[in-house]
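Below is one structure, written out as structure tokens, with a few remarks after it.
Chain nomenclature is as follows: A, B, C, D, E, F, G, H, I and J, assigned in order of appearance, with residue numbering initiated at 1 for each chain independently.
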Amino acid sequence: MEFLVHIEIVWPPDEPEERRAEIFERELAQGQRLAAEGRLRRLWRVPGRWANWSLYDVADATELHACLTSLPLHPWMDITVHPLAQHPNDPLTTREDPS
Amino acid sequence: MEFLVHIEIVWPPDEPEERRAEIFERELAQGQRLAAEGRLRRLWRVPGRWANWSLYDVADATELHACLTSLPLHPWMDITVHPLAQHPNDPLTTREDPS
Amino acid sequence: MEFLVHIEIVWPPDEPEERRAEIFERELAQGQRLAAEGRLRRLWRVPGRWANWSLYDVADATELHACLTSLPLHPWMDITVHPLAQHPNDPLTTREDPS
Amino acid sequence: MEFLVHIEIVWPPDEPEERRAEIFERELAQGQRLAAEGRLRRLWRVPGRWANWSLYDVADATELHACLTSLPLHPWMDITVHPLAQHPNDPLTTREDPS
Amino acid sequence: MEFLVHIEIVWPPDEPEERRAEIFERELAQGQRLAAEGRLRRLWRVPGRWANWSLYDVADATELHACLTSLPLHPWMDITVHPLAQHPNDPLTTREDPS
Amino acid sequence: MEFLVHIEIVWPPDEPEERRAEIFERELAQGQRLAAEGRLRRLWRVPGRWANWSLYDVADATELHACLTSLPLHPWMDITVHPLAQHPNDPLTTREDPS
Amino acid sequence: MEFLVHIEIVWPPDEPEERRAEIFERELAQGQRLAAEGRLRRLWRVPGRWANWSLYDVADATELHACLTSLPLHPWMDITVHPLAQHPNDPLTTREDPS
Amino acid sequence: MEFLVHIEIVWPPDEPEERRAEIFERELAQGQRLAAEGRLRRLWRVPGRWANWSLYDVADATELHACLTSLPLHPWMDITVHPLAQHPNDPLTTREDPS
Amino acid sequence: MEFLVHIEIVWPPDEPEERRAEIFERELAQGQRLAAEGRLRRLWRVPGRWANWSLYDVADATELHACLTSLPLHPWMDITVHPLAQHPNDPLTTREDPS
Amino acid sequence: MEFLVHIEIVWPPDEPEERRAEIFERELAQGQRLAAEGRLRRLWRVPGRWANWSLYDVADATELHACLTSLPLHPWMDITVHPLAQHPNDPLTTREDPS
């Protein structure tokens, strides 16, 4: 099941740069792990903000919760989850369907 | 440039079924045309509502406007557009990038 | 997967009483069918409104969408879906779990 | 009387892990006590957030307030309470009602 | 249990005056019946609007729902219910309590 | 003139318990003074929150402001004031009115 | 007591011009009556909208309600009332106060 | 003084096409008149909606109101006005300022 | 041109009383200066809050900005500005206009 | 492609003046650089707030994100981006178009 996820990062402006760099690096690695597992499918930036939209493909909301809380920046994230139902006209599925 | 688009359809509950069927069919055809042109990339239903999330890949907001207003149901649509910036960790691009 | 669903019914105040009675009866029957199938688990009224909260247990958002659009009152419903993740301390599961 | 309760936990991201663990353990114990007393009936996580939905069955809003303020994490909780009225078609009661 | 109830009346501006007068009279009578039964305790107007705040004292949300849907204007009402818990310093109860 | 007042208390979760107890006691005393003067007429808790609804009977908004700012917890309060107009069917006045 | 009043007029775009002109003239006359009585003190337009801000000086919310419902356009108005408390530094009163 | 203006057009989906074309043409002409007078400076579409952002340069809010209500589509417009103050670093003025 | 200004003061509850007194005194003096210059015309308190409504008469938004940022409390203020257009029926101008 | 950008600066009121001056100077320089490059086209102040509206002309949302995050005050900014589509009646383009 796919979920559209909006993440806003609320990071204190005066945090030392090293701490941001360190946690950012771990965040990047964990994001790549989720992508390699096929759970995180797409990731976009919200222009102008430290925020993003992402597309997850997981079994259910419980697995999604496990993915999102595994992110090192999770304690600083304000997350909104949009459950997605399949649309019969989704180009991805109609393209893949030879009939 | 990619855009995430949220469309809510405000359709009068008492409209005759034939009219709905006729406009729905034209909507379907135009959606397939936009998909075939590579502009409409993904399409999901918002569960429980006559609403959807879609992902467009177009030159800019002017082309996006032309796509959206070409939809036969456009006069009944309440549309919100979210511009997307590329994220360096987007699984799609990192997967495609062999370097 | 469970979903918490909030439904607000927007019904024209001047609709003839017979029409309301007829559609209400069909709504009742379809609700009982969903309950018998184990998909609709709980149903509460929002006091003072023609609105309700319900608890669904279905495979995913696609099946939930099918359930909700099967309701005869669906064209008059304004529906908001809240996906639910399992909580390790949910009394239902801890009660059922002898370990 | 049943109440649907939405709880959002606003916990400082930089709080020491031990403090979180200690208060979390006490929270768990108190939640189990409320469940054993039959007041807390269900508990779900909001995916992606430190937040939950819960279902309480208590005498009235005064007893509900006592339950919620007994939770060790209460000073960090942002709580919204939805009073619930019985619905004649609630699967729980219709199932239990042999008539 | 007490409930604070906010009611907004959405009445079409062009409805014939006689119809408004007739339904208004029945509304008045039903309000007096609820007051005589001790369920409706206070009633105030929101200045400038066809809206009011009221205070109900009933067994629970189910009885409140029955009261509110018994009002002839109910199909035109937009109602929000605020459940109230007893406050130890409520002047009404401290005044009545000789201890 | 009566006013319905909603007060939300924003108190830092980590404030020492003694300070809370001390200010709370002074708050209680001042609330009783306002009640004894007939200005504060009713007081209810919002279930689950450190918040309340209260009913004031004062000359005007200026006197109400004086009452509310006299509360020791005022600097931590987020207050919303709803002015109330008399309703001809208010049970309190119709009950008291023998005509 | 002064009140700041925001009025939004919701008038059907297709209403015949004569009807609008007729009701507008009566509205104007009633506004002038309220001004002559010293109840309506100021009146401004919200630029771009059929909406206005006004300043009333009346005994209380009950008198304000009577003023506002006396306006011929009242059934088409969406009104929000802001109660005002005197400010010790209000230029009007400090100017008038020779001390 | 400059104003940023957001206009949303609320046009009934079932209005005959000729009526839309006729009013649209008059709208176009009046917009060009305001542009020729130097009052309307810029005009952009909100992608996906029948809505726009515009930039006006007028004496004050009273003149702006006259401009906006002169538009033939005004009865169908939902308008929000943002007053603008000059910014010392506005590229337009710094570019034009040789000092 | 007149502007209606809503100011909310966000002042830390635990700030020393002397600091508040000192800045408050300077705020008072600057407010009187703006009033003496005829820019600040009216000032009211929002009951229950450290907030106010004020009426300014200035050349444009740029001069208004200069007035508001000259207030010593400005860094703690959350300000919303409502531009006002003249209303032909404003009692102030019709009263002053002998024609 | 043009974007309308709303920026709200959330700066701690008690920050030392020198720090504000230093970062402000760097902000000014970077803004001028973006203007010189033709990316930042207009800049206005929101009266009464430390906030602004700006108009950017860039390739896409990715370039816009790079511009906005290059601003030294970015960590203190709350930014909302409005994508703009060309309007056939934009005075700028119709003026420049001799046909």
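Here is the rule we go by: contacts are C-beta pairs under 8 Å (C-beta built on N, C-alpha and C of every residue); 3 or more make two chains touch, one makes a residue touch a chain.
Just so you know, these numbers come straight off a predicted model, no measurement behind them.
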Mind listing the chains that sit against subunit E and also against subunit J?
none
Between subunit F and subunit I, what is the gap in Å from one C-alpha centre to the other?
28
Taking each chain's mean CA coordinate, subunit B and subunit I are separated, in whole Å, by 46
Subunit C and subunit G, separation of their C-alpha mean positions in angstrom:
45
Residue ranges of subunit C touching at least 2 other chains are 3, 45-47, 61-62, 64-65, 81, 83-86
Chains that touch, pairwise:
A-B, A-C, A-D, A-J, B-C, B-H, B-J, C-D, C-E, D-E, D-F, E-F, E-G, F-G, F-I, G-H, G-I, H-I, H-J, I-J
Contacts from subunit A onto subunit B in the complex sit at residues 2, 4, 28, 31-32, 35, 40-47, 52-53, 82-87, 89-92, 94-95
Report the residues of subunit G in contact with subunit F in the complex, numbered from low to high.
1, 3, 60-62, 64-65, 81, 83-86
Within the complex, subunit C is touched by subunit E residues 3, 5, 61-62, 64-65, 68-69, 75-77, 79-81
Subunit J partner, complex, touching residues on subunit A are 11, 13, 45-49
